[in-house]
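Have a look at these structures, which come just after this line.
In what comes next, chain A is part of two complexes: it sits with chain B in the first one and with chain C in the second one.
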Partner chain A sequence: MAGSLVLVDEFTVSSAVANVIIGGGSSGSSSENFAIDSTYDVYMLQYNNLFMSVDGRVPQIRFTVSGSADTSSNYDNARMNLYSNQAFYDGANQNVSYMPNLSGGITSPESQQGTIYLFNFSNASEYSYATLELVGATETPEYYGVAGGFVLTVAQATDGVQFYANANNIASGEFKLYGLNK
Partner chain B sequence: MATQEELQALADQEIEDAKPLYKQVNNERLEFSDSDYAQAKIDLGNQKWNDQQFGYIEARQEAYGSTGSQLDMQYWDSVNSTTTWADHIAKVKSDNPKPA
Partner chain C sequence: MAGSLELINKTDFSSVSTVNVDNVFTADYDVYKITLDTGGQYGLLRFLDSSGSLTTDGAYDTARLNLKINTTYSETRIVGTDVGIYAFSESSGSGAGGGNVLYVFNPFSSSSYTFVTAQTVDINSSTAHRIAKTIGVYKNVQSLRGFSLQALAGVTGTLVTYGVK
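Now for the complex of A and B:
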């Protein structure tokens, strides 16, 4: 049925790892070996209960090309950070090597969860871009939300999404990738 | 302010101290390869450099507060002949200095 979500890849971090790839074919973290392709025009990545192994570490996001993270400084982003304990902040960066994120924690409720829509990934002649909405908590706790988007300004096909800890590890988290049925 | 080389050395040490790091590939938990460790060091070094060189911009923007709250400060400064807003801006700048 058009508009329905079809689960194409999922992975749960049960032992701490420094990075996770959803999609990415055989380089992906799960045994699904799914690579984002033209089967669906739009994909949705949902992640929940993401905890870091060290307080204050940041789960950052990149796209993958043939299963390997594109580490180039070609990512642009814009975002609004909504804090419970301070004024909202709208920021943007150009030519950075990842999508900036807010820090996570190690114990409940310091987890992060979000929804990322992925566009144009399989189109080799267009940029890959994504919209992002997430909520989370850090120490104290201080609650936050982020709404924004980011784009990899290289005309190439991308086939997955990498989450990586800026240092140390991602302790746990659940990741699910859906295709949006045409 | 640290040089880029000094920050990269800190990042290298931080990754060395964090070893072993693992990645999950095809449902297998594998230790980072040499190239993975090298990339992690570059990533962390770049982030430290960016934080030092450009982090003050975001830190200042966050600390300035909303336009509305700044206008409120300016209004009450004009009513009370105080310098609350100017003092606030000066403090934000001094708390988040621009790298030399």
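Now for the complex of A and C:
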């Protein structure tokens, strides 16, 4: 019986880039030219060893429409930020242009890794939803996690996920996108 | 393109408080998924080093949000302990049970810390269920080859380890 988690796109940042697109068809960062579609109902994006080019920069997240990041202020999110050395705090935003994240650094252990599940991306009559759980270290370093979710409140098909640096670049990282077999 | 969730190990155990799952982390995978279909009292995740021995350094951090059905949510924050990450469910009492899904990042790497995310559900008394979201880190760059479930009392269940490729 074939495996039920199917790798459909992957990209490793080997030199600094302003952004990474996983999926997104021919606009994607890899040469796979994969666009999220109805082949699978649910997709899982996993990333690892994400470092920034400058301490304190933030890897923020958007969805793509026909390969281009949707930069509209239509993202809502809610999340809990967990720290091993200080009180947790929750956060939520309505009508922002990206999914917020915590800052990273440039050397080990200041990396970030996480798992994002994507829902309804190919359905043009539904919003695009995602759940997120990540773990990492800031440039201090402080060890943290984020558990939350976000939604792009536009009824449209989305076909990928963009990670972008709020300033400067993403220095390195490994990104993999899987489909969950129906 | 190749890539999937690949079964590495399935370990059944009964009425034991320590379960070692050795020789599961290799250079073949960077990320691992671990499931556990039961709960254990104060279930800790501790790693086995490159010779299969339990790590003994005070290098474990935990941050855990406990979502309880019958009372206020609570936080668990632990820095620099040697007992492990409070990653597994903490069931106790009549009908104790639980469910656990963990991801472990970079355990085999000798140049990176090992990071963990976990989602668990359990019962911590006869009626009080709890869901927990946990992150943890093992702050040592040594290569690890396995892990240990450590509980305060005997538990019965199955640990399954997958490689995410």
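Here is the rule we use: the second predicted complex is superposed on the first by the 178 of 182 C-alpha atoms of A that agree within 3 Å, B and C clash if a C-alpha of one lies under 4 Å from a C-alpha of the other, contacts with A are read in each partner's own complex, and residues count from 1 in each chain.
Here is the rule we use: contacts are C-beta pairs under 8 Å (C-beta built on N, C-alpha and C of every residue); 3 or more make two chains touch, one makes a residue touch a chain.
Since we're looking at a predicted model, the values are computed, not measured.
Enquirer: For the combined arrangement obtained by superposing on chain A, do chain B and chain C clash, or do they fit?
Expert: Aligned through their shared chain, the two binders fit side by side on chain A.
Enquirer: Just checking: does A:V135 make contact with chain B only, chain C only, both, or neither of them? Give me first, second, both or neither.
Expert: A:V135 contacts chain C only, not chain B.
Enquirer: Pick one for A:N168: touches chain B only (first), chain C only (second), both, or neither.
Expert: So A:N168 only meets chain B here.
Enquirer: Have a look at where A:S31 lands relative to chain B and chain C in the superposition and call it first, second, both or neither.
Expert: first
Enquirer: Considering only touches as defined above, state whether A:A16 meets chain B (first), chain C (second), both or neither.
Expert: In the superposition, A:A16 contacts chain B only.
Enquirer: Taking the superposition as given, does A:N49 touch the first partner, chain B, the second, chain C, both, or neither?
Expert: In the superposed model, A:N49 contacts chain C only, not chain B.
Enquirer: By the touch definition at the top of the document, which applies to A:S111: first (chain B), second (chain C), both, or neither?
Expert: second
Enquirer: Just chain B (first), just chain C (second), both, or neither: which does A:Q86 touch?
Expert: Both partners, chain B and chain C.
Enquirer: On the chain A superposition, what angle, as a multiple of 10 degrees, is formed at chain A by the C-alpha centres of chain B and chain C?
Expert: Computed from the C-alpha centres, it is 100 degrees.
Enquirer: One more residue to check, A:Y144. First (chain B), second (chain C), both or neither?
Expert: second
Enquirer: Quote the smallest CA-to-CA distance from chain B to chain C in the superposed model, rounded to whole Å.
Expert: Least C-alpha distance: 9 Å.
Enquirer: Starting from the residues of chain A touching chain B, keep only those that also touch chain C in the other complex, and list them.
Expert: Comparing the two interfaces on chain A, one with chain B and one with chain C, the shared residues are 86-88.
Enquirer: If you look only at chain A, which of its residues touch chain C in the complex?
Expert: 3-8, 10, 32, 46, 48-49, 80, 82-88, 108-109, 111, 113-115, 133-137, 143-145, 147, 174, 176, 178
Enquirer: Inside the complex, what are the residues of chain B that reach chain A?
Expert: Going by the criterion above, the answer is residues 14-15, 18, 21-27, 29, 32, 39-40, 42-44, 46-47, 50, 58, 61-62, 65-66, 69.
Enquirer: Of all residues in chain C, which touch chain A in the complex?
Expert: 1-6, 30-31, 61-65, 75, 77-79, 103, 105-106, 111-113, 115-117, 119, 133-137, 139, 141, 164-165
Enquirer: Quick check: in the complex, which residue numbers of chain A touch chain B?
Expert: 11, 13, 15-21, 26-31, 33, 69, 71, 73, 86-89, 91, 96-98, 164, 166-169
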